[in-house]
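See the structures that follow.
Below are two complexes that have chain A in common, paired first with chain B and then with chain C.
== the complex of A and B ==
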């Protein structure tokens, strides 16, 4: 099956939709008005209300099915050089957050720490990195798990100033000066620590040569060194985004910049500056940074971006948790399909399972396209 | 202060920071969020002190493109630049560099010895362009445009006028082949104002734009479209003029690449493909082209025009950024950004890009021939090699 497909939006759902359509032989054009939310997501795929949370997912599937779906993602990510570690259905792996909580996960990038059972850890904090408060993180980890957490603090690098966030640290660590700083500080910091504990460091270990850097650090430390994700913008998400978009461009996917103002059931798309595009199918990956396909206007109205209508008022940030779609909002003909967060009462803001949402909805849309194409034959 | 939409809408997601090319290579650069919306909120509260390094922004606008809530980040940074203290000699330099229309009238000035510019903060090492060898040849053409053919204008930007008339003649040849009667305009050297805006000289940008608007309006009355060769001028004429200066031309403004895609027949593309090309073709849509229209159009054009699959040059901003690379304090950042281009090219290649200043910068840093797609297409049509 071949044809033209238009994907609107370049967040995780948009890029996954574009990848899977391209794999099926479609000419794909991605039209987007912003960068998309990949930079706000560390890259782990979770159902946070584990165990059994997947059963309440609006797309009813068994956990085995879900893990199979995640398996496809593993293959795709490998194509652009991000190794994902997958856990089987009998166990629930947990990753450690920047606040020292444990987050159940089924799939994490290989740079991120995850373990099946809580274990004693060495937690590294970096001076001058506002997101990493190692004392609080370690204290909470100890309280949550009853395990040991040894705190190690690294002195800030010489060129540091207040503008340094995680992205700046990561760019610095891609330089040789940055690597030297981290190696020296880490070796110094670990000198008096027990040798058999895993080491977790904030997610700042480079944007471009992370695997190499973590290998060098593990070698120096004589222990496994992995990262824990920080608050957004997430270095992990930027690594994934940059590699993924690069692969799509190499595969011949065309990226168009523009604000889409009209989509018709006949799968035509018009942008605000008057350009029009026609495809056989349109995927609306327009969930948006705020999740649930919602945009908040200056006066507090929450607008459903998919159909451009008001769906509530926001008085506090928690109000977003109550907002979601009740039905799959396609435009009637079956040629325009919604993917990503904007789907069936699903609420990743509340449930922290946007990754599963993306995979589930994109696979469902692709299934509908396959069915539609077969029916047309 | 300009009238903006959503200037106070920042939700502090910092996605703009992840999109900023300067932030990645310059460890002192505070980034778009700090320089744009964060500064603007302080400014609104009465604090008009400028931050260090605000002038290191290239005004590529990738931050603005990335923003999920439509904050005019780059334009807030341009406002911020107005408040940055500057020495008299740098003010003089910037005033000259932000009037490229003057340089376009006297391009031979670039042949002056480079050390002369050093005391004024002009980069001693950044490659300057060469004046057009066949300057003004497009005006000497005696042939009257065919009255039966639809007339289209070609906006002659400052760089093309002074340094790259081959691109203009190439674009004219292509448009003629597509059945149009192209007219170069405006008649005299005028700037769209982009260079002044990028340097934070907003009043100057507006005055420059108004003069050019009047010059264009006269010539554009009976044209089907105004075709642009440079992505920054394109975005400035089509988007920024109406949005920030209230200057709206009745004639549609269309980038050359899209105009060809819209009007060329399959036969035209097969003529282009007939001239075999050994080198790999790399497309580099400039930042402003990515922001306003997306890099997919240039890619589509070259896919159709070439028998081989072109590759996208995997970089964000090349660092040229109009006059940015010619300022001595920016030389290093400009080179650090451009060097990434040479890292991604692994064999004989030609880079096709929709900006003259990006072209000379990329050519200098990669050693690969870099030219405007119009010029490449014209050479393909004539079955001539694109020579050094």
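== the complex of A and C ==
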């Protein structure tokens, strides 16, 4: 046993931190007060390697180091059954959004569509699904890429009612009735479409048996069928969250529901209902302003109330994306470490470096903990 | 007889309605969209008159009488919430006495509230309330009223042309015979027997096109919108009308008003963060916990106050009353009229007053009917009680907008927003904007989406604190990362 660690937050940085600590033999407790941000995340990791992009990274590492770090993530995800596809590091891959834009990405779950060059596509729309706006999506895709986009529309399933969102569609598709509906509709819709184009469908193809379903559909269609991600709640993020947390629980990580109100430099944690926890280390994965770990006051100060520190000022709304702690060792005691968006300087909205932010800051924090532990021995 | 009315705000549509009921055909020309000026940017208060009892008794009396009338004539657009005037310890006792005397004099029915009951009804109020009075305030649903007026006057032979700008007059022998317009449908001259300038804060500019000099005194006011209807009644401060002293429950939100800053231009300026912070401070005098209320956005509206003697620089001393000018009398331009100043609450009365003057000048025997005629058109109000299977997908969770609620694609984005209220709720369009715009206009939705985000952002920026700052961060992350838009 190497020690106790408390992770605050169950977004991607929190779960990655919990996984890596547990792999290294730490007792890990995750404390979170909400659903975490995984349900708002498509599930792919962005990591821009264009010239100059690295200069905006607060953590400077060689490309080899980064590739090794992402390789570890691929291995970790494989442990809970999500295959991540990694693209050639020299070229930026892009995924297609629900509005037909192209977004850069790096590591992509095998269910999600991405490609190195824009290509002609068949885009599937699903009637009764709010985020499915296939006509607009295809028009925008054509305008953005100059490529063809053929629209196919599927009629809603017979059991549909107006309360159906993406999650409800996905659990329907986990049933045999759902699969039958999708296969029939898709075959019908693709009948008059060219055979050599990839097909993209909204991200609703099951929560449990996605890989199987996409395999069947690709077989039926005679073409590769992949999903494009939708807005929150993101089915891809939910799939990952559920599998990941299940694995962590099985490996002995404790999950505690609570709203943390105080973290001290000595790595003690207090929740709003008065419970307190003591660890050797605390990983602060509280998500910045977006995740709720930092609060903006009426006069514009940005405060991390958990550690009682002012971490910046909001001058314009773009400041909200990048403000966080200056240092991973945010209280200077070496025991409270800010990871993910809790660490400032990244701007995933502008720089598409959110994957690097999560992977890089967690690895850096782990390195600091290991060094500290060795020094103590 | 045919009349052109310039401006489709409350004043213009009130005038058009009154004239239409007198059997006069009216064409309303609007440079932008219905209610896109002052009428779409107010706190929603249907005045009881309480606010002006001491400072502007004439306006107070008119407000009260119109308040009572509109409850009968347009019950769908008026919510009879009632309201309170609350006096804190230290607020001027003399003002309170004059206020009570004036209420008696003008016959605005008020009564003292039991403080214990008040505290039960409004537990968020500051602890140092000395006395409170109930008044017949209400809430005026501005866009519903405007839409109903357009429907009502169109069903009686008059018409509206939006995105059409009046650029001048055709005058023959000192008499107006037409109005030159340009915009949607090209340039042309609309034949008419009279023209009415109801352009609100732009009235001075319209008059200048006519070669006349009219002194309007625009003054802008900042208002803050809070999510959740935490109050069911209007709350006013019992003191001389001032900044940040009124809370109005409006549909699902509460609006705090307002500031009052004289300005030369008719356009509403961008909201300013330091003003928002000041308004919060004033609001906290009545509701101490206001900082923890979820703020949604701030917006500026411009009042078209009228000052016959020219700019005073102090807009709160300018009357909230209105004036009808007959430019045939005063300027030798026969058939040209202006309606200036006034309140949303008195729009019908302003229409009646203009109508009386116009028929008198034009020597037509056509008495006003607007006092007696319910404001009602042909269209039934949009039904939200369709068969669930027929409503389609739920597009906007905040305001419960379904696919079937979307109007025809010919209406503008703004009209759609005010018809369905999409993107106006707590998420401010984060989750619904692409769904609605993508369905409405697939070919051009990318630009429309960007325009909507920009427009929404203006009012978000100034109130970027607390939960709202978190929403902004979510909105930006969703737009750039989930939907792949460029960061603004």
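Methods note: the second predicted complex is superposed on the first by the 319 of 377 C-alpha atoms of A that agree within 3 Å, B and C clash if a C-alpha of one lies under 4 Å from a C-alpha of the other, contacts with A are read in each partner's own complex, and residues count from 1 in each chain.
Convention: a residue touches a chain if its C-beta (ideal position, glycine included) is under 8 Å from a C-beta of that chain, and two chains touch if they have at least 3 such contacts.
These numbers come from a predicted model, not from an experiment.
Asks: Given the touch rule stated above, what does A:232 touch, chain B (first), chain C (second), both, or neither?
Replies: In the superposed model, A:232 contacts both chain B and chain C.
Asks: Applying the touch criterion given at the start, work out whether A:279 contacts chain B, chain C, both or neither, answering first, second, both or neither.
Replies: A:279 sits against neither chain B nor chain C.
Asks: Which holds for A:161: it touches chain B only (first), chain C only (second), both, or neither?
Replies: both
Asks: Is A:206 touching the first partner chain B, the second partner chain C, both, or neither of them?
Replies: A:206 contacts neither chain B nor chain C.
Asks: Classify the contacts of A:101 with the two partner chains as first (chain B alone), second (chain C alone), both, or neither.
Replies: second
Asks: Once chain A of both complexes is superposed, is A:298 in touch with chain B (first), chain C (second), both, or neither?
Replies: In the superposition, A:298 touches chain B and chain C alike.
Asks: Please work out whether A:42 is in contact with chain B alone, chain C alone, both, or neither, and reply first, second, both or neither.
Replies: The answer is second: A:42 touches chain C but not chain B.
Asks: Quick one: name whichever of chain B and chain C touches more residues of chain A.
Replies: Touching more residues of chain A than the other partner does is C.
Asks: I'd like to check the shared interface: which positions of chain A are touched by both chain B and chain C across the two complexes?
Replies: Shared contact residues on chain A (touching chain B in one complex, chain C in the other): 40, 161, 163-165, 232, 288-290, 295, 298.
Asks: Under the definition above, what is the set of chain A residues touching chain B in their complex?
Replies: That would be residues 29-31, 34-35, 37, 39-40, 159, 161, 163-165, 167-168, 171-172, 207, 232-233, 238, 241, 246, 249-250, 252, 254-258, 273, 275, 288-290, 295, 298 of chain A.
Asks: If we count contacts the way the header does, which residues on chain C are in touch with chain A in the complex?
Replies: Result: residues 273, 277, 280, 291, 388-389, 391-395, 402, 431-432, 434-435, 437-439, 441-443, 445-446, 449, 457, 460-461, 464-466, 469-470, 472-474, 476-478, 480-485, 487-488 of chain C touch chain A.
Asks: In the complex of these two chains, what residues of chain B are touching chain A?
Replies: For chain B paired with chain A, touching residues are 6, 9, 11, 13-15, 17-19, 23-25, 27-31, 34, 65-69, 238-239, 258, 290-297, 299-300, 303, 309, 311-312, 314.
Asks: Could you pull out which chain A residues touch chain C in their complex?
Replies: Per the stated touch rule, the residues are 40, 42, 46, 97-103, 128-131, 133, 135-137, 139-140, 143, 161-165, 229-232, 234, 288-290, 292, 295-300, 314, 316-318, 320-321, 347-350, 352, 354.
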